[in-house]
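Multiple structures follow.
Same chain, two partners: subunit A is paired with subunit B first, then with subunit C.
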Partner chain A sequence: MAAQFTGTRTRPPGGPAAPQPPESATRRPRGGSSLARGVPYLLILPALVATAALLAYPLLRNLVISFQVLDAFQLIQHTTQWAGFSNYTSELSSSVFWDTTVRSLAFTAVNVALIMALGTAVGLLLNRLGKRMRLLLSLGLVLAWAMPVVAGTTVYQWLFDSQYGVVDWLLSELGMHSMAHYDWFAQQMPTFTVITLMIVWQSVPFVALNLYAGLTTVSAELFEAARMDGAGPWRAFFSVTLPILKPFFLSTTFLEIIWVFKAFTQVYALNGGGPQGSTETLPVYAFIEGVGNQHYGTGAAISTLTIVILLVLMAYYFRIILKQEDEL
Partner chain B sequence: MRLSFARRVWPNAAAVLLFLFFIFPVYWMVTTAFKPDLDIISTTPVFLPLHATAAHLVKAVHASGFWGLVGDSFVATVGAVLLSLAIALPAAFAAARMRFRGRKAFILIIMIAQMAPWEVMTIAVYLIVRDSDMLNSLLPLALFYMMMVLPLTIWTLRGFIAAVPRELEEAALVDGCTRGEAFRKIVAPLLAPGLMATSLFGFITAWNEFPLVLILNKESAQTLPLWLTQFQTNFGDDWGATMAASTLFTLPVVIVFLILQRKAVGGLTAGAVKG
Partner chain C sequence: MVKGRAAIAVLGAAAMAVSLAACGSQNSSAKTNDKALTVWFMSGSNPPGWTKDITAAFKKEHPGVKLTVKVQTWDGIQQKITTALSEDSPPDVLEVGNTQTPYYAATGGLMDLTADKASLGGDNWAPSMNASAVYQGKQFAAPWYFASRVVVYNKKIWSAAGITSTPKTQADLIHDLTVIKAHGTKDALYLPGQDWYAFDGFLLDAGANLVTKSGGKYTGNLDTPQATAAINLYKKLNSFGTAPLDKDEATPQQSDVFAKGDVGSFIGLGWEAAGAIAKNPQLKNEVGYFPIPGATAAKTAKVFIGGSNLAISHNSQDPTMAKAFLKLALSDKYEGELAKVGGVVPNKASLDLNLAGNAYGTVAATAALNGGTTPLIPAWGNVENAPNPITTLFMTPVLQGTSPASAAKKADTEMGTRLNQQQ
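What follows is the complex of A and B.
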């Protein structure tokens, strides 16, 4: 997970790294210095080659394909047929694309809001609990966090099964009799409800446990002082916790936005974007249009547009973490 | 008095409810895997399985090709992790210990690579792999999984290498070691825990990967996540066997995760809250 990026600082905080003597000048005879200067480049070369071949090239290829007509016919014939911008113009003028984009953004907003709100609440709660209860809740959080996404979707399909699912039974026992044998996967909103519940369930542990770990580093005297000054719990949160942990909240929120926006497995494996494509988000739409309907060119154009949106989000994220990362 | 009692009780009550919310899907998966069929399809769900059966586990394990899938998953995952370690170790050493022009740019590339949107790159990867006639084989999977875990591997190893006191290395250099020997004899042994943690992170990512194997290996050389999503279709509504398969798939991840959890949490916040 990318979040660890912010975490591998090793020098003591406060103050820039101690100046280091230029190595080649102190240790090496001058004759070998040009050879020695090449060593670091040799060491990073395999990583650069791999990144270029396995990451940069597919990204470039994706861009190239997005300017081609590449359907089943061209694929089998191995022919290249250029399409100019037609994949883009047809997508950008199609209501399906815009509906899917709006749906993706709304889906992301709802999920991230829920994740951050519940994650913060659970993190604050962990900080208040006694040792034993904290251990109990942490155990639940860690197990939910550790659950592989694919296994999670399978379990949620079973929990929300219309015939023997435990959720329908529970709701009907609680008095909502119309929910007995309710089919969650036959309509858009119920399907989204299950997907959202699952994503929130999977993501809250990350936010909560990290917030708790962050809270333990905040000195208790600050909260004491706030209380002395007459601040209630809300005021203490907004005036003490939030400002101190602002970097954490900012970077975590953006990580979650990026993560939810490009979530594919959860949406696809749970109900295949169905019913009738009504729960397709952009990554799922690109996949179904490209691979499912064998319009690889159109799919690549949708992918590229999705990547552009992601790049905008990531630019914000990098602005935030580069401010924090003085070690770079 | 009543107020303070309530104030003492509600956090604990909330904690219990939240614990149930987070643990229940895991609990339901494992218990369903061990319940006899009659308990699974009873009108009132059986919350405490008193009659455990191994029948579903046996069925999942005996499903056609199960051990082949386990083998393929391990080959793709372990191959990816070992490859990424081999490539990451020298790069991480350079990034942590050497000063050279372009070091910042290299680190930035790694940070950006870590955010690569693999979920929407599947079409391009598919066409690249198809053009090289490598569909339905494990090598491309291992290579691309390697690339997925490489940035984080470099990043974490860089942190671990930077944490080894430079003085130790310098002492070895003074005693006549070359830079390479100093790395092999001093830094590498101290890195063992870091290498372990890093490989386990990579293991989880590669083990769980789904979109790429979904598009690349439709016919053979499939891995467990793909099998699991198709399991329910293949076995009808046999929830017992499906949950048994889920449990088997989850087990290695949970074990690895419990080993790593403390590191993951401590790591993030160490940097996030420095203010």
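What follows is the complex of A and C.
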């Protein structure tokens, strides 16, 4: 029975919909005044200007700087010292850079997997809950989402503080006495654990709320039909929910990859990439080399390489998007 | 309908453009009108009363000039100063730490004050204090004040533990701290793991410097028996409290921790003690000072001499006014008042009298007689850039259990790289 529904695609409203021109503008009969025809362009102009000023220009500057030696000396003297590709070659031949890259990729993979799994679970739960509990859960999710990143980081620092942290206290009260005054930030893995917890906590609401929004557009009859055909909850998820919401899962996963891969604030603010640089991810490494050590050229080169790596990661997604455009 | 919307959109865009333009013109007109002088001090350097007095005096001398005093924090200061000095209208006068001054002198961001040295009172500056302000024979800053770390202690807690006199030797100190801790004070001494200024003192006392020069190249000097002895002493002292191993004395401000009243002592500066008293006035009569004791009672331990210079930015919009401010700040009146109120060592020996009556100042001046500093070379600034290898690669790992030798090797390598970077 379920088979007859394949092919009907519901577009989830929660995905990152491309800004669409207002209906009235697209359906307008030809021959309107030239001013009216220009309205859509005029309307996207502020967005374009903002993007150009805040994104394209800095990106270009960053690229230019990456081919320079720009230390405190050159910065203060306003001198330009071209370096050719030397910033790139020295990074690409440095083991620190590659270690950091591998670390960043593993970090992204673990976080995105956790975010998608937990976010999906919570989204499905939202769909099943009664009105009151759903409101309560949504409220909690929205609050976690609304928490400013730096404020959230400070809270996590205190939660996991070795002196006054409530986590250590709780664990030791629960019988794990070795966890009393445990220093979470003294080693690589414990530090990553806290960072991961925080990043997952901050990002689950996005996935959960969007999935819930997507689910509300899926007709309940589909699930009912699946159930009638004898599908258990797992089967129903993998055979009904997943295929229908595939565009949602794809776009959200890729958004999360971008978000986690470029997560700077959480990693840097929590422990400065420490201990001993063992939790530096690419954006943190770029900042420490560039701003921290005042080798702005090197930092720019690292950040450019970071963007390239991110683009490679996204290539698959872009391919899908382009394919879809072709089909339309 | 469509036309109406379009008109609204155009109107909106036009309104935005106009308001943006309005913003722009307001800003530029405000800048050109009055004469303005901006001064940057570092957190803890300028006592409130002193700042008020000098602001008033400057206003009286130069009624048309608007003086803005800004206080910066030490955290991330090098990046802030670099950026500021690169701008067309940087702060006119700025306080620069003595260890960081050669770095900025080398970048060309500071004004050459060689010709003004005499008029600023430079002929009477203590030569040892002026050393960091001179680079390649030129005067790039003026020595402002010096300070050395002492032990700040809570008299009530010490006497409650039955200790009646301050320790005269290192062994006495450890004995006293043991007694205080046994008496139930969790933090007999609060010494966070990354106070590298305190560590440098221990290292100097052990007879070594942070770096050494061999064959014209500077390298880290932590893989030495002296550094091992110093960090072991540090570790021992750190164990008399619950201070974090991976934080410095400013996170949280150790004066705030001490202000709670249940901390026996900490190694710090006069302004930190003053900060604790400001936060908790009940401590007013309980705070005492003694120099960090040496191995024998004959001599106190060597300490790191911290200090600050005042410099004028190369791009200062008004060098004349900037020099006028510098002259006022360095005048015997205000230099003396700073010593008196802040308890810091002034730049001229003749002003030392001002320290009498300042409990911290008298102790600190004694301690400063036996002090040292970091190498006065531009590349030193690279070492202090975050993350500082001394603290993150050496101190914290050793306090957490890594062997001093293996941590020192890593730190020395990183310091070597940074010290030999091209400027």
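As a working rule, the second predicted complex is superposed on the first by the 258 of 328 C-alpha atoms of A that agree within 3 Å, B and C clash if a C-alpha of one lies under 4 Å from a C-alpha of the other, contacts with A are read in each partner's own complex, and residues count from 1 in each chain.
Everything below uses one rule, namely that contacts are C-beta pairs under 8 Å (C-beta built on N, C-alpha and C of every residue); 3 or more make two chains touch, one makes a residue touch a chain.
The structure presented is a predicted model; accordingly, all values stated were derived computationally and were not measured.
When the shared chain is aligned, subunit B comes close enough to touch A:L54, but subunit C does not. Once chain A of one complex is fitted onto chain A of the other, the partner contacts of A:N62 are limited to subunit B, with no touch recorded for subunit C. Which of subunit B and subunit C touches more residues of subunit A: that partner is B. With both structures placed on the common chain, the touch criterion links A:D183 to subunit C but leaves subunit B unconnected.
Contact with both subunit B and subunit C is seen for A:V291 once the two complexes are overlaid on the shared chain. By the touch criterion defined above, A:G299 lies against subunit B but remains apart from subunit C after alignment on the C-alpha atoms of chain A. In the overlay built on the shared chain, the residue A:A113 is in contact with neither subunit B nor subunit C.
Contacts of A:P46 after superposition on the shared chain: both subunit B and subunit C are touched. Once the two complexes are overlaid on the shared chain, A:L135 sits clear of subunit B and of subunit C alike. Contact with subunit B, but none with subunit C, is seen for A:A213 once the two complexes are overlaid on the shared chain.
Subunit A uses residues 39, 42-43, 46, 75, 163, 291 to touch subunit B in one structure and subunit C in the other.
Only residues 24-25, 28, 32-33, 35-36, 38-39, 42-43, 45-46, 71-73, 75-78, 162-163, 183, 185-186, 272-277, 288, 291-294 of subunit A touch subunit C when the two sit together in their complex. Across the complex, subunit C meets subunit A through its residues 1-3, 5-6, 9-10, 13, 16, 78-79, 82-83, 85-86, 103, 106-109, 242, 244-246, 314, 381-382, 385-387, 392-393, 396-397, 400, 410, 418, 423. On the side of subunit A, the complex with subunit B involves touching residues 1-11, 13-14, 20, 22-23, 27, 37, 39-44, 46-48, 50-51, 54-55, 57-59, 61-62, 65, 70, 75, 122, 125, 128-130, 133-134, 136-137, 139-159, 161, 163-164, 166, 169, 201, 204-205, 209-210, 213-214, 217-218, 244-245, 247-248, 251-252, 258, 262-265, 268-269, 282-283, 286-287, 290-291, 296, 299-300, 302-303, 306-307, 310, 314, 317-318, 321, 324-325, 328.
For subunit B in complex with subunit A, the residues that touch the partner chain are 11-12, 14-16, 18-23, 25-26, 28-29, 32, 40-41, 43-45, 86-88, 90-91, 93-95, 98-100, 102-104, 106-117, 119-128, 130, 143-144, 146-147, 150, 152, 154-156, 158-159, 162-163, 173, 179, 201, 207-208, 210-211, 215, 225, 228-229, 231-232, 237, 239, 242-243, 245-246, 249-250, 253-254, 257-258, 261, 264-275.
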